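Naming follows writing order (A, B, C, D, E, F, G and H), and every chain is counted from residue 1.
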Amino acid sequence: MTLTVNGEATTVPTPSNVEDLLRRLRIDARQVAVERNRTLVRKTDYAATLLVAGDVLEIVSFVGGG
Amino acid sequence: MTLTVNGEATTVPTPSNVEDLLRRLRIDARQVAVERNRTLVRKTDYAATLLVAGDVLEIVSFVGGG
Amino acid sequence: MTLTVNGEATTVPTPSNVEDLLRRLRIDARQVAVERNRTLVRKTDYAATLLVAGDVLEIVSFVGGG
Amino acid sequence: MTLTVNGEATTVPTPSNVEDLLRRLRIDARQVAVERNRTLVRKTDYAATLLVAGDVLEIVSFVGGG
Amino acid sequence: MTHSTANPADRVLRVGDHTFDSRLFVGTGKYPDLEVMKTALEASGTQCVTVAVRRLKLGVPEGKSLLDYIDRQRYVLLPNTAGCFTADDAVRTARLGREAGMSDLVKLEVLGDKDTLLPDPAGTLEAAATLVGEGFTVLCYTSDDPVVARRLEDLGVAAVMPAGAPIGSGQGILNPNNISIIIERATVPIIVDAGVGTASDVAVAMELGADGVLLNTGIALATEPVRMARAMRAACEAGRDAFLAGRIPKRRYASASSPTEGTIAFAGE
Amino acid sequence: MTHSTANPADRVLRVGDHTFDSRLFVGTGKYPDLEVMKTALEASGTQCVTVAVRRLKLGVPEGKSLLDYIDRQRYVLLPNTAGCFTADDAVRTARLGREAGMSDLVKLEVLGDKDTLLPDPAGTLEAAATLVGEGFTVLCYTSDDPVVARRLEDLGVAAVMPAGAPIGSGQGILNPNNISIIIERATVPIIVDAGVGTASDVAVAMELGADGVLLNTGIALATEPVRMARAMRAACEAGRDAFLAGRIPKRRYASASSPTEGTIAFAGE
Amino acid sequence: MTHSTANPADRVLRVGDHTFDSRLFVGTGKYPDLEVMKTALEASGTQCVTVAVRRLKLGVPEGKSLLDYIDRQRYVLLPNTAGCFTADDAVRTARLGREAGMSDLVKLEVLGDKDTLLPDPAGTLEAAATLVGEGFTVLCYTSDDPVVARRLEDLGVAAVMPAGAPIGSGQGILNPNNISIIIERATVPIIVDAGVGTASDVAVAMELGADGVLLNTGIALATEPVRMARAMRAACEAGRDAFLAGRIPKRRYASASSPTEGTIAFAGE
Amino acid sequence: MTHSTANPADRVLRVGDHTFDSRLFVGTGKYPDLEVMKTALEASGTQCVTVAVRRLKLGVPEGKSLLDYIDRQRYVLLPNTAGCFTADDAVRTARLGREAGMSDLVKLEVLGDKDTLLPDPAGTLEAAATLVGEGFTVLCYTSDDPVVARRLEDLGVAAVMPAGAPIGSGQGILNPNNISIIIERATVPIIVDAGVGTASDVAVAMELGADGVLLNTGIALATEPVRMARAMRAACEAGRDAFLAGRIPKRRYASASSPTEGTIAFAGE
């Protein structure tokens, strides 16, 4: 299925949850935060949050800022 | 009946309209504006606006201000 | 004889006075002032002030300034 | 003989030198400086500087200042 | 020579459907008496005066009132909503002012608190939207915040009136950077309102490019209000002319105004 | 209404034996051309113009000269000693200026260096003493140092002219504290000279209590010199009037200009 | 002597549940590189650093990241909502920041436009209400408007952070009157945020009575960021101490610091 | 980390043959008592203290004197000529100070009048020439006039000490333009003397590039002199570091400190 991750179309197997997605993208879950369809996904909910085709994901981390 | 005019209890005959009230108070209608129960009364509606007991009237004019 | 007038060597007949010098230089005496050897020459003294070889003359007028 | 010391008339025996004066006034010579008749007296010259009637002495030290 | 011919190239100021030759807007509060006010208004050259809307005192025989001292052929009335601390109160007051004055103009003020008399941004935006919708020509008092100024323009106010300093404080233009940012981005006239203490404050505001200045206390409470009114008029014209004339840049060091050449031979030369 | 009747209570400015209705003194250097200068001088309303003393160019057929553009019925000439860096040079230049202009007035400048064109105090004091002794009416350019200003007054100069900022710098009044100390202690007219960049600078100087302002570059090098001359005139009148009118004190917080009582019943009341 | 004993009487700064010995808050953007940032943060003495929340770049092999250079035993993270122009975007960004940083602190910014980066009052108030309701410790960026500051306090923010000048402008405190009115009426810490260009700007803010200062560009883009960080630290301590120490009043004239009596007999006496 | 290692790259300040790590010079007048003075001097970090020369009171049993509170291993004495209004008086006082203090340093003051305590330029120049000729290391108090500063340098003074504002006035640096012109053209150390009211004034002076600051009243008459002394020390270090670190330029508009790219998808995108 196809998702939008950080603005880009991304294909992942079905089924996938947020934990799967992060692993697939080789992202260390400790330093990021994830939003699905404009709603925050708590870290503790990654495994339980199943992704659906068309989902819009935002995966963010900290960068320098003032 | 008793009205509140500019914050003070005021007794007027029943029936009275706004025009009657101004005349009774010896107020020159040209230089004032009137509000009844928080709604403006246009000058052209003074005669047609019947007052009801408990009405809250504001009668204002211009004073110096910046 | 040779004089220095406004910083430039200038030859004039001998004898010459300040009035002669101004006339020779086609200068309208009314709008200028003259200094000879660092001393002011009053307008009334132009005719009586004989020039000597080597004299240093300054002839000035007004220009725009603040 | 009478001197003026710091603006006040002061009587001292004759002869007296600056060292005598300071001792008489119980002043510790190390922390002061002395002027006689508007001229500085070096510390090394105290003993050799004989006072004369009418001398004007200034004896100063440091006080707080900015 | 009169001042009107002395400023041949300036355009009139348009606020909504109104046009003004004078760029000074003057309040009518706090004068020693109404005669002094009348003379001061004349001396100021203003064509638009602010007035407040207040309850008529009942049972008091009417003597001369404010409007007896204001020639309405000469001055446009600009009722204000001074004293209002909510959008609703300001809207009601504006409606009363329009009815009393038969003018569509309103100086909208929705204040935040009594100590600063600075505007409440949320209430101001809400009231401005309502009044614009009801057809008022809204001249809107606001802080010197460029963001709020832009929001007000987007709502359709006829003029934005940023405070130079708190009302009546006489501190002048406290933040010229903000005022000039507002002016540079403006799509409607910017009239600096509040804070003017003396003539140079008016000149400074106009030199920043303001379209006008509104003031009251600076004139009314001066020792000589009429003379100060004249001063404010001249300062407004001076500042406007200086803005249009294009001032010289600032330099840290000097630049001679007299020629540096052609001096007489100096000692030692 | 004309300005002369608008300022009924002001007194004329006396400098030596001269009296002036206008408190603006204007230089004649740096204009785009002499026609513009002439019109700008008129627009400024000045009655006294500064001129520099320079060598006549020999062998050049005389065209129109500066004085052809200056109506001496209207303007008093104030020759300066600009460009002089020693007392002796300034004294010689002053004498030449008096002879050429048949006027006892001189604007004395003895400059310290070419970067700042700020005055040399020692040379200025020396030249001032000499020129006062020779009967000149000395208007003396100086820094904003109150001590030097007082020394010059003690020497008998007719006016002290402290710099607001370096000549031609357009920075305005850099140290209002010094200028106002000079004014408060003055026994002769104080005319702020140098540094004026725009109209509000003139207004500020006059509001400090200066008796006049002298400027040149601020007008001459403005994009529109004539309009800027008008601006300076108005600013001078504005600042003078504001000074005489007695401004309101500054406050940190607000003070309402409209009545705080008598508003309509507000929501929640 | 160490600084902690040098300031025995000062209290720690409390913001929500956090306490800080240092009153300087420092941003992590725009440094030449992360090593310089790390050293500069140390030199600044700060205990709280701001960070931005941005999309991870996908498909880019992860190298060292910002957090590898920030010792979280030493610094509290303060995620910001920089770049957000609506309340909704800011709220979403704040939630992401909290989740990523496991910290309840947020520096809330809801900006009005890209030219000024000044806050949008309405959006800021809306987002502040939401975030306070969700348990965030909100440090809220705002303009220097005292009315908005008070509204934010009423909503329950932990600290109000008024802008001294536009972000990155280096202009310092443009309106000290507004900042000090905010401080005088404050019920929560006031941390001046934005506009600081150099050390004296920090000292001025603290002398007005601010509880802290937040800055970034002034350090990060200085020619020598580490030295400037040290300067900012010292200036923050200096300004705080000066505020607590009670400065002398300003006088227009002089007051001798040495005794005026007891001088030697002077010439002529 | 200590402050001394925090400033590795700064050079010591040389005045004549003396070198100083601290760039703060502190006066000893006006403290509540000598114990407070002693502690404040320590807190200030200064290495050079000014003292006045006054008549010993005769017939008064000597108690502890000023010098009992000044550790001469730690502080260089800088006797002043405060209170002198002629060159001759100042020269005599300087000679007495040298003899009493066994130091070649003198802070030369020749004052113009008692109201302003501003220096008399002519007397100052005369006394400076004499004292330089007699081998003094002259630190010369002067106004902020760049011309006089240059004249003093030409005479051979070891340091020029321009007044930021009148002595004891607490007004800070009234004319930064003059002070920075003096600094830019200086060939000897420039130490801003007089006028400092609070810590930021010191920082501003140092940021202009001054080599040091001398102050007295700002510390001595603060409510808490010791704390203020610490503040002045930190401000001096802050201002010096900021000057050396190269501050960011000022901009009128904003410049984001957080990245403008990489934000999450916003509403409407």
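FYI, a residue touches a chain if its C-beta (ideal position, glycine included) is under 8 Å from a C-beta of that chain, and two chains touch if they have at least 3 such contacts.
Quick caveat, the model's predicted, so the values are computed rather than measured.
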| item | value |
| --- | --- |
| Comparison of A-H and B-E (more C-beta pairs in contact) | B-E |
| Identified repeat of the C-E interface (over half of residue pairs identical), from B-E, A-H or D-H | A-H |
| Averaged-CA centre spacing for the pair chain D and chain B, given as whole angstrom | 96 |
| Whole-Å gap between the CA centroids of chain F and chain G | 45 |
| Distance from the mean Cα position of chain F to that of chain C, given in whole angstrom | 33 |
| Residues within chain B bordering two or more other chains | 7, 35, 58, 60, 63-66 |
| Contacts with two or more other chains, residues of chain G listed in rising order | 27, 29-30, 52-55, 57, 80, 82, 92, 96, 115-116, 118, 166-167, 171, 177, 181, 216-217, 220, 252-253, 257-259, 262, 264 |
| Chain pairs in mutual contact under the definition given at the outset | A-G, A-H, B-E, B-F, C-E, C-F, D-G, D-H, E-F, E-G, E-H, F-G, F-H, G-H |
| Of all residues in chain D, those that touch chain G in their complex | 7, 35, 56, 58, 60, 63-66 |
| Partner chain B, residues of chain E touching it in the complex | 27-31, 34, 37, 50-59, 62, 65-67, 77, 79-80, 82, 92, 95-101, 167, 214-217, 220 |
| Complex contacts: residues of chain D adjacent to chain H | 5-8, 10, 25-28, 31-35, 38, 40, 42-43, 58-66 |
| Residues on chain G engaged by chain H in the complex (per definition of touch) | 2, 6-7, 9, 27, 29-30, 42-43, 52-55, 57, 80, 82-86, 88-89, 92-93, 96, 114-118, 166-171, 197-200, 202-204, 207, 216-218, 220-225, 227-228, 230-235, 237-242, 244-264, 266-267 |
| Residue numbers on chain G that touch chain D, as the complex places them | 257-259, 262, 264-265 |
